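In the two complexes below, subunit A is the common chain; its partner is subunit B in one and subunit C in the other.
Presenting the complex of A and B:
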């Protein structure tokens, strides 16, 4: 069923994260540091033209090739953020009349999103959160982060179940005169979705607490920062600096 | 006579709106004993079971494995009581079965390598080694239930609590579960509506009504006394 396929797609990140590429094997802290370096390189480039971002796109492509993740699906997942940069780009274009600047803004946001998806696709969530803690992120922040991720998964899961239930009772097209009531019903369904997801989240939390959860998501793989991780961070730094220099030339 | 592994006296619980869910429950469970919990929906069975794992806190005296339930003893009590939830989807929240089974030992302070070893041992004992790397949401209801039980057994509990374990299971799945429960040596508390299932896995039954234990005795006797049958 198409709905089920979508449901699986929503959970694919976790499947990707269990791979065994060079990037998968790196310590989460090294990967987070690599991402931050990459994002600094992207964000400090003056958005003079979309082509200026070609070097960082190449760095990302190299990372993607090493990870073995499928480009179309990574690109599709990163595209969920596009409405926001599109809006900002459009407003910027209206204000300044500079279409190149607006396009560069969109490209910058999208490349950043691609890098974030790549990080999540090569790092299981518990390890990623552990990595953030290891880099000194406040425990409360990490806990809120993990709760949000889990809650979003539940919302998606419940939303798909409700959609399937609605589809089962859908006899065909909705007459045009009933369209306004569709909006009303949709908003009601949304309220039910969040209510049910909240209840389910409570159930999951209870199950976690019953098995000893006390606020810290522990990763089964012991986290060790090895010399290869140091080499990886150094490589990321060199690639980012190199890309940044190329960007300057291109822009 | 040895101490009961679960000793509950005068347990009361009120919902935030003031309505009573439990009205003075007295209950003892001996080591290795299996007890079925019968009662209508909303009679207080699940509320009672949640108290045993310290997931709800009411008034009264509650001792698990001789330990009084309080903040200090809570980690030990959660090691002693293994709670298998009604909906396995609530219980299986990690990306793979193996990681989910290892979740409990990890949070008991066991290191990752040892937690994984114990998880592998438990999945092998339950015959689900082949599911270790599968995502829980890909499993059948029976497989999910076994994975959920593995996630609890790996913590070596002395008491197993099952909240309507046959929900979502087909008859062969229920039969498999009954056989599995018969083999487990731990004391068991099983909330169920299914008398034939209860007859296979428990010797004693208690009947909940209005937040109280209205009857306590052999499974058949309780089912007859409270007309707890299909017809």
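Presenting the complex of A and C:
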């Protein structure tokens, strides 16, 4: 999880999500349903050989072409998940000697991550969260998600500023004999950040209530599930079932 | 340890998604009781705090540093219900924005970190926070929240058929023990610092369950977590002796138990036989203890 904040700073997903392709125009609920269907198709294919996942890669490639997102950057973003499957693929290869199984595990994981990046690249996050709410996610959970997104950069920037200030005061680090002191200072800094976040949260809540907040964020734009969205979900289902049948033959 | 999609087998991720839903639902109900209308931004900002806290490093020696994971700290400050919701929200955002963990594996990650991690962190604190062993309770909370989460993840990977020898599990256990110790120490340091700033920010558990009960529960969580990592498939002492003496073949069945050899025979998959039998046994013992406990309380109050 470390470094998420820094990665957030260079986030391109928001920029991509402002596009106007066929996928961008679909209702968030339809896109979530499409993604889940795709992921289930990938996940239910036994990892017998990496080549078995070729049909779903083709389905993903079609989606990417329709969306107009840049392949190298999407591939690079999805590569973030690779350490975990690489580690367990390597372990399973060492233990069982089955390199094909290990490679298939890695491919399966990576293709799933590519699909998630595609969804995020064609759907603005606020719309996606409203989509979750529309699909039955608890209102409180969705509101917490919206609040985290809203205040994440603010609190993270505050934390980074505090860290920078502490580093300046230390003038480039402390000698080893002073480590307990550094430990105490780190915990103190975290406690101060906790307190400031807590107070900020209470202030934010009071300000929102003063402006008429009654416990629900407004949708970024009115979203209606149209017949084109139904066609999209049906298309996703057909593509996933077709790919799944092809994978069965290939595996 | 965020499990991505594609690693867990279908029965494991499907079962854990089904298991996570009511757990999170109950947490939402529990959190709503402690929050006033529309106070969700508080949870959101505290979720953002956890993200920020993970950017701040602590020196842990040998030229390395560690950082807070935050499940136990959130439980001790906002209560377990709110902590479960915040951690679930963080897991969803990590899966969507940072590709850290999968969407189909969200149930597994939520069970490991948001449910098991938070409750394993909360229970020792709840049991020991109002006595002389308070610091032990806080440390045990941080320590067990990480260890229990990691043990659950390892169990799920093994149930999914990812082959792991005892050597691999041993090395992983050492890493987890180190991480859990760091989490325990950071949780103690931060919580004490928060308490110095404003004691009102800490969630004070209601009632005093007693030191013995606290130690017992802490030990139970520790044994379960360690048991998952070091469980042996070899027969127990009596079975082994019976095999060596050659009398095992002479055994006769007097009564067909519903869960023979700790397995649920009506399930096909090997993993589900053991898992269902374990859960059934756990539920049964819990039910018996609850019933006996209530009867005793009624008798005493009468």
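Following the convention adopted for this analysis, the second predicted complex is superposed on the first by the 163 of 251 C-alpha atoms of A that agree within 3 Å, B and C clash if a C-alpha of one lies under 4 Å from a C-alpha of the other, contacts with A are read in each partner's own complex, and residues count from 1 in each chain.
Quick note on the criterion: contacts are C-beta pairs under 8 Å (C-beta built on N, C-alpha and C of every residue); 3 or more make two chains touch, one makes a residue touch a chain.
These numbers were taken from a predicted model, which means no experiment stands behind them.
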Contacts of A:200 with subunit B and subunit C, given as first, second, both or neither: both
Tell me which partner A:159 touches in the superposition: subunit B (first), subunit C (second), both or neither. second
Touching A:28 in the superposition: subunit B (first), subunit C (second), both, neither? neither
Touching A:37, do we find subunit B (first), subunit C (second), both, or neither? neither
Report for A:208: first if it touches subunit B alone, second if subunit C alone, otherwise both or neither. both
With both complexes overlaid on chain A, does A:150 touch subunit B (first), subunit C (second), both or neither? both
Touch count on subunit A, higher of subunit B and subunit C: C
Check the residue A:124 against both partner chains and state whether it touches subunit B (first), subunit C (second), both, or neither. first
After the superposition on A, what does A:56 contact: first (subunit B), second (subunit C), both or neither? neither
Once the two structures are fitted together, what part of subunit A is touched by subunit B and by subunit C alike? 7, 11, 125, 150, 200, 204, 208-209, 213-214
The residues of subunit B that touch subunit A in their complex are 50, 53, 55, 75, 78-79, 81, 83, 85, 87, 90-91, 93-96, 98-99, 102-104, 106-108, 111-113, 115-116, 133, 135, 137, 151-152, 155
The answer for subunit C against subunit A in the complex is residues 2-7, 10, 13, 24-25, 28, 31-32, 37-49, 51-59, 61, 67-69, 77, 85-86, 88-90, 92-100, 102-104, 157, 162-165, 168, 186, 189-190, 192-194, 196-198, 201
For a test of understanding, state which residues of subunit A touch subunit C in their complex under the given definition. 1-8, 11, 13, 35-36, 39-40, 42-44, 47, 77-78, 80-81, 84-85, 88, 91-92, 95-96, 105, 108-113, 116-117, 119-120, 125, 128, 138, 140-141, 143-152, 154-156, 158-160, 162-163, 179, 182-184, 186-195, 197-198, 200-202, 204-205, 208-209, 213-215
Complex contact set, residues of subunit A against subunit B: 7, 11, 14-15, 17-18, 124-126, 150, 200, 203-204, 206-214, 216, 218-222
